[in-house]
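Going in written order, the chains are labelled A, B, C and D, and every chain counts its residues from 1.
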Amino acid sequence: MEINGVTIEDTYAEAFNVWAARIIITAATKDWAFWAATEATGFASSTIRCPCEAGIEAYLPPNTTPDHRPGYSILICSKKSAIKEQVLSRISDCIMPVPTTAVFNGHVEMENPDAEYLTLPVKLHYFGDKFEKKVKVGDIDCWSIPLMGGNFVIEEEVSAIRAIAGGNFFVLGNSQMAALTAASVAAEAIKDVYGAITPFPGGVVSSGSKVGSKFYKFMTASTNEKYCPTIREAVIEKGLKTNVPNGVKAVFEIVINGVNETAVKNAMRAGIQTACTIPGVVMISAGNYGGNLGPYKFYLRDCI
Amino acid sequence: MEINGVTIEDTYAEAFNVWAARIIITAATKDWAFWAATEATGFASSTIRCPCEAGIEAYLPPNTTPDHRPGYSILICSKKSAIKEQVLSRISDCIMPVPTTAVFNGHVEMENPDAEYLTLPVKLHYFGDKFEKKVKVGDIDCWSIPLMGGNFVIEEEVSAIRAIAGGNFFVLGNSQMAALTAASVAAEAIKDVYGAITPFPGGVVSSGSKVGSKFYKFMTASTNEKYCPTIREAVIEKGLKTNVPNGVKAVFEIVINGVNETAVKNAMRAGIQTACTIPGVVMISAGNYGGNLGPYKFYLRDCI
Amino acid sequence: MEINGVTIEDTYAEAFNVWAARIIITAATKDWAFWAATEATGFASSTIRCPCEAGIEAYLPPNTTPDHRPGYSILICSKKSAIKEQVLSRISDCIMPVPTTAVFNGHVEMENPDAEYLTLPVKLHYFGDKFEKKVKVGDIDCWSIPLMGGNFVIEEEVSAIRAIAGGNFFVLGNSQMAALTAASVAAEAIKDVYGAITPFPGGVVSSGSKVGSKFYKFMTASTNEKYCPTIREAVIEKGLKTNVPNGVKAVFEIVINGVNETAVKNAMRAGIQTACTIPGVVMISAGNYGGNLGPYKFYLRDCI
Amino acid sequence: MEINGVTIEDTYAEAFNVWAARIIITAATKDWAFWAATEATGFASSTIRCPCEAGIEAYLPPNTTPDHRPGYSILICSKKSAIKEQVLSRISDCIMPVPTTAVFNGHVEMENPDAEYLTLPVKLHYFGDKFEKKVKVGDIDCWSIPLMGGNFVIEEEVSAIRAIAGGNFFVLGNSQMAALTAASVAAEAIKDVYGAITPFPGGVVSSGSKVGSKFYKFMTASTNEKYCPTIREAVIEKGLKTNVPNGVKAVFEIVINGVNETAVKNAMRAGIQTACTIPGVVMISAGNYGGNLGPYKFYLRDCI
């Protein structure tokens, strides 16, 4: 199978469940909302060493938000035991301090009415030390907490659903810059897909890993030498397997979390189609673990 | 004391010690270095609920970096017990995955040769699973770790020194937008001061707090009602003290961490001078705890 | 009439006809398309001294463009006698030189099937010196012109229609920064309205003018002293009229060009609603010349 | 000669004289100054069809500008007969309308005390209709012109010197994206060189041309087929000469204007060095016309 002469390998991305909360951040200006969203989704690329995975889902023009100011929706993803703590900490330390912000529940459960969901109480109004007040924003019950910079308005309950992590595809190029540019435009295209995020910085991953390590037994993860072009010959010499086609100089991965299967599939489609417009891309592949990792299989052939 | 008709209150910012590591991130392009720096300094505004405080210190043009590529230096600040873990986690999950990045020690100890310092080993080369190699970048000993996207080069020891956290000043305005714009241009000006960062998103804090809570005894911190303009009357009615001058509509705080006293002072100077160019700013003040918080007193009068 | 306590004056914006061409610019990446669009719409704020008025209409995600790459649509507006020259010059010197760009007709006549329109031939294929070739992009007939950086693809006929220039509204604030922030978020909101542009830099005008000059007879335009807050007293003292309400510190204007009346009205609505979310805005007004300037009257009351 | 394995061809860039004015634009915020600078330097890539060549020279931090606000310096370059008109039009229509801006003479003659220079009177104060006033900004005599959005401050005389246009180098890559990324980081690096600009959008040119046309006699310029990789075989088949080495897929040009020879040379050095850090770049060359175009020869070997 091909797009613009690029081989689409007949394989699939394997994905698994995660809990995802959607938070809507508004502010007086788009910039302040963006900076809050950026800080609140930082240090959140991978749960290998980050406490959660998070990303900006969408810019929300003023006429689409509860208080008619510009905003962003973000997704915060983690295992169930950590989700409340991550949502609370990131609102209290990364959003509330940002001038003019307000926080609303993104009601992520609406994306998937049959999904299991949680309501996370975020009891920030106590920060007001009894100067806080209940207010309505449209029909929404909120707290207004007086701060030095003005009043911070928050809808105190945020919902989370069982969502999907680990959607992915690989971009293989005959030069490193071709593969990188292609992965980059793919990540950019995915920004327009509602319900999906790419949690890594700039949306692209250079360091795809394998579980464990062949030679350092104390490591729980190590480089995925099968897909490393710069050591292709060394891998073969050691009698190991390589999946790097001859002539490929770099392989970048796009990792996608989404609120449901449709969102992940739409993101993979948008990303793959756009990656294939860049000259020098030779193949699209995907990462899976033979079905041992999770219940979701996103076949590339179904995404295009 | 006045600048452009703005009253500079005769008070001081009180600051305390913290450990700070400087990491230099380079990449093929400025954008990729920036995204790595942004992710690595995210969720790091305040150690109330974040695991560290971090920020981008400076853009480094190609002719100033070890590998002659564009880069950024970042500062990661925390207490001594957490610094190694934060440096390691943020390099491994927020920088290494970013396409084409390399990491170098920023040798923060050079800023202050007499300061106490630590060397933090960041043993990421094991990720290479014995495919990693020692390489030289100029005179610097590094590891080159093969990844799917190319080789990741890292100088594995990062140094940290006893630095300063909590430098600050307040911007008081006769309209919320005047105070906000002034605080914003102050934060922007501080970006040009080497050795200093503003760890909060966009560099401005809306939610300055006091220790404990008057009315909710279970809270360890709550709003600093003395500086909250929107409840000025309510505060007075409750028989509490307000520091909000009549007519002031908003108070924003700039928080500064720096590698030494000179850096903090330079940052305060640049920020205050620039804030005072905005019409509607009426006073500059600063936050202190009567000398109980830390050993550093930055008098505003010495900063201008 | 009021929005969020802001007075909406019972007046109208007066607008007139202009010719508008829509050009679609795509490129390998969003950034290159943006830089081409920015250069091609530069020096184009007002036809007082610029050769045309132009602006970016919309970002076009890859799945919406003819070649499935990211793009921008721009509008170039001028009188009929200048439109072909401006379209040709800006494509040949501001878009064709930009790496990887392609140009397509935006078929602006579709927005208004009954409108008068022109087809502008842009004979750039001769630049190929007989190395150019006819190609199809989807169903579209294009030329592919070989350049040093690759092939430049262009649909050579661009259409223009009789459109509308001079839609506008004024934002009056009780502080300069409040009025400016409000005007700024209004301009940002208008970016999401298809069919409309704000031709001035950043979308906001500080220097609204009157026709002619009271005291310098050789001037064809001069400051609109009736709306200048900093000389309010001087204007009154000279026995002239002021429209500046007491306490207003700044008046900023948003100027809007649109492909039809609906687009202008939608832009005015989005801008006014968003401006009224900023504290310190006290009034929204609009500029007109008593009906002498042009055939269109956009009443503020109809825009909200 | 080689840098990082990239061949530096033993050739030179040929450049010629032009008049250059430097204008300093300040504003309340960096963003507003940037938008003014961007509009004022738009439609100014090449004097083939643009009325001048212009670009942003440098960001100026607040502590370096006359009014201690953030700013940008821009260079406007044209032949002598057009320079005053271009400076006037771009100030009056692209800078004065932008909220909170001020304009100062960049005293470009200081860069080269022995150079011939002009003083350009920009009589904008008449716009004030006798409400304008003389003011001092530090030691500088300025006019303050009341506008709707506040007062516009301007130093009315701008100086221009005989400067240099047409500095250049070519980046040849074994993939289009490698060459493009390299040219792009080169242009970014040149932003840090004071005294130089890259007038084309994003700093990179895809459409280098030759004088005249081989097959369309009415064309004054056409594609430079000698450097067009996509028609390399066709060029050879027609018995014409190609300068494209085998395996090269794209050639991008960086064009540089500078206030003197040192600035052009520094910009070429910064650009070439940075371009050579990108994998896939195979050669750096330069454009010249055998010495017929202008008096300046910048040998690549002297720039590195």
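Going forward, a contact is a pair of C-beta atoms (placed from the backbone, for glycine too) under 8 Å apart; a residue touches a chain by one contact, two chains touch by 3 or more.
Note that the coordinates shown come from a computational prediction; the quantities given were computed from them, not determined experimentally.
For the remaining chains after leaving out subunit C, touch-based grouping gives one piece. Two copies of one chain, subunit B and subunit C, touch each other, and the residues they use overlap strongly: the shared fraction of interface numbers exceeds half. Our note on geometry: subunit A versus subunit B, Cα centroid distance of 26 Å, whole angstroms. Between subunit B and subunit C, the centres computed from C-alpha atoms are 39 Å apart.
The geometric centre of subunit B is 35 Å away from that of subunit D, both derived from CA atoms. For subunit C, the set of residues touching two or more other chains reads 28, 150, 176-177, 180-181, 184, 278-279.
In terms of inter-chain touching, the protein chains here all touch one another pairwise.
Of all residues in subunit B, only 28-30, 61-63, 67-70, 150, 181, 184-185, 188-189, 192, 270, 273-274, 277-279 touch subunit D in the complex they form.
The part of subunit A that touches subunit D in the complex is made up of residues 173-178, 180-182, 249, 278-280.
Residues of subunit C that touch subunit D in their complex: 28, 31-32, 35-36, 38-46, 48-51, 88-90, 92-94, 96-101, 126-131, 145-152, 170, 176-177, 179-180, 183-184, 200-202, 204-209, 213-216, 218-219, 221-225, 227-231, 234-235, 250-253.
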